[in-house]
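Below are the structure tokens for one structure; questions will follow.
We just call them A, B and C in the order they show up, numbering each chain from 1.
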Amino acid sequence: MKNNFSILYTYNKKLYHTVDSTRFSFWLVNSGYKWCIAFLFLTILYPVNAMASNYTYTMAFQAFLKWVPLLVKSGFVLNVIISFFAMMIGTALGVILGLAQVSQYKIVRIFASSVTQLFRNIPWLVLLFIIMLTFPFEIETDDKIYKIPDWTKAVFGFSLPIMANISEIVRGAIKSVPLGQWEAAESLAFSRQKTFWQIILPQCYKRMIPPWMNWYAILSMATPLVSLLGVEEIITLSRQAMEAENNNPELLIPFYSFALLIFFAYCYPIAKFTIALEKRYAVKL
Amino acid sequence: MNTWTEKEPILSIKDVHKSFGELEVLKGVTFDVMKGEVICIIGPSGSGKSTLIRCVNALNEIQSGSIKVEGVEVNDPKLDKLALRRKVGMVFQQYNLFPHKTAIENIMMAPIQVLKQDPKEVEERAHTLIKKVRLQGKENSFPGELSGGQQQRIAIARSLAMEPNIMLFDEITAALDPETVKEVLVTIKDLAQDGMTCCLVTHEMGFAKEIADHIYFTDRGIIVEHGPPKTFFTDAKDPRTKEFLSQIL
Amino acid sequence: MTGFEQYFIELADTHPKWNFVYFYQEVERSRIITGIYYTIGLSILTVFFSVVVGLVGAWMQGSKSKLARLTVQGFIQFFRNTPPFVQLLFFYFALGQFTPTHSPDGWLEVPIISNFGWAVISLSLFAGSYNVEIFRSGIEAVPVSTREAAESLGYNRFQSFTKIILPLCFRICLPSLNNNLINLVKTTTQAFGIAVPELLYQCISVYNDYSTSMNAVMLLMFIVFFLIVGLIAWSSSALERKLKIPGYGV
């Protein structure tokens, strides 16, 4: 019997290992306690190594500079791509879910708000793992096997919590329109549908934009998590690069600082812009 | 060494200048207050009267001049603010009670927490003060549950709990309903009769006339005219005072 | 073997997708228990220290020294605009290499800050940076005149901060503080990245031993996190009710 669930493939040891052997996390977990402890001790011994070797920070920095183009071009760009697509999908689904949360029908409301609460309250990393483990990593048609790249699964994994949070934003924005607006529209003989689309929603856009941008910043800062699942984004590449440079401990500071800085450079302007927008809209409301 | 005696002014203000940035609000104010005296400062809004008494309590700093409370210079970076504030109590226009504490707790807080006095003794005093401001039965109400006039009387009691020698009142009836103004004024009158030194910034002319020993009229940062209420209200000399009084009375 | 264990062994036989291995296997059970223990421990410690960081930061932001204010501002902007996960890696790997070591048994060198310790430090600072802003906005919501009243009663800056401003500010901030702390508890899973044996880490270990236990493991994670988050939300709203001041609308 053929199926698309990776869980059942795991019985096939060989296949499983060809797929997952590169994943740092799986290595970490598969290797069990003893290896982890050994791994810890290795990191503990770093300062000792550092004193023994002649490898200097200047050399480390030069080695690091070599890798910068790769880290940015195929590493950070992937983070941005993941965050971009996850935001698009998450927003689209979230708006639908948010509208469902203010539906006229109680059953729809209950369903929508339970989905929202579920995905809002589960840690992102847990969700990512679940998506990565349960979703098929390839799709078979009659003649061909399409491999699904890990990062698209990451996109899906991120779009779920984003969906839930956008749904809350939409609900909150709609609820923030005073009840008097509904009543005024009703007294002008607007139907409920018309009131909603022509009067209530146009008042909500502006309130939704700042929190929406805030969530985008949070999302892009969550993307390095997928390195735990082996997606080749900036952190995975940094690790590989450090390995290629013989894991000298002096490399850690430049590489990780760079990762912090590049995210800062990306997220700080977004945060500033969000605050500026918030202030501008706050005055008008 | 402080050589102040009760024969000298308890509050002595000399040539005080105060500006907020470009704006000069006090342009050389001078007057003295003797112990047990009640003075009222009146004048149009923005004439610097509130600023003046806030400076006395060191809430605002002054640029030049001297303010002496019982002979101690307030305009001094090394001023012991706690000592000053024990001597000088202040009541604000907006009552500024602490909303998370009950009426009696508001009165007891500072003596216990700041002066580290014995809670039992403070509580006794607090009950006496509540009786004095005629609010028995409201001990355990929160400020939010009291009317403006009641809150203001609790605020007065709160200041009195520190056992000050001078009380400053900053337009304390300005935010109140006309009906509740009276109950607050009665409280102040009681205080004045007990011999407390009071400085009031007020718009209540009738009250000022009745209670004050001396009235100061300020306009644009200076004292334009002053005198005991009898002469002040009947034969004001300065045109500005005349104009102001004609508008008010 | 109890009936309870027997039931789950049979369940795993009849429904291979629902293998609750941690209910009848001693090794896996102890893994899950360790995981829950670490997750709860990490949550309590980080919640506590992040609130401390937030309070100290908010107090420093109101200080007269420009240097202190700038330091706090830099701290906030750094921790808010970089990924918490990379912060963890940076703290543990990059800064961890400089940690002094000690030798409890004479031949093994152990750093004085373990990976768990670094997780506490890093996550507390991360959530703390949000708490600073939360407390600051709460402090700003306390009217200046209330502070002046405290000042005129002889309170110094520290006394009026702790006795007057904080109790009021705390009531105002509680909802956003609650949100941030829930977010923090969820972020503790990221300590997985530096091999802190918290719940997610243990669940993946169980899954790697018994891949049939996937559904059971996921269900467990959902329930545990749901309970922790629910507990915080519940205690926060209970606290809010308890702290409500009559006649004072917040």
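Methods note: contacts are C-beta pairs under 8 Å (C-beta built on N, C-alpha and C of every residue); 3 or more make two chains touch, one makes a residue touch a chain.
This structure is a prediction, so every number in the text was calculated from the model and none was measured.
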item: By count of C-beta pairs in contact, the leading pair of chains; value: A-C
item: By mean Cα position, the chain sitting nearest the middle; value: C
item: Chain separated most widely from chain B, comparing mean CA positions; value: A
item: Distance from chain B to chain A - Cα centre to Cα centre, in angstrom; value: 60
item: Inter-chain centre distance, chain B versus chain C - centres from mean C-alpha coordinates, in Å; value: 49
item: CA centroid of chain A to CA centroid of chain C, Å; value: 20
item: Complex contacts: residues of chain A adjacent to chain C; value: 7, 10-11, 25-26, 28-30, 32, 36, 39-41, 43-48, 50, 121-126, 129-130, 133-134, 217, 221-225, 227-228, 235, 249, 252-253, 256-257, 259-260, 263-264, 267-268, 271
item: Chain C residues within the chain A interface of the complex; value: 77-78, 80-87, 89-90, 92-94, 96-99, 101, 108-111, 115, 182, 186-190, 192-193, 195, 200-201, 204-205, 207-208, 211, 214, 218, 221-222, 225-226, 229
item: In the complex, chain B residues that touch chain C; value: 57, 59, 81-82, 85-86, 88-90, 92, 94, 96-100, 109-110, 113-115, 141-146, 155, 158-159, 162
item: Parts of chain C lying in touch with chain B, wherever the complex brings them together; value: 143, 145-146, 148-156, 159, 163-164, 167-168, 171, 245-249
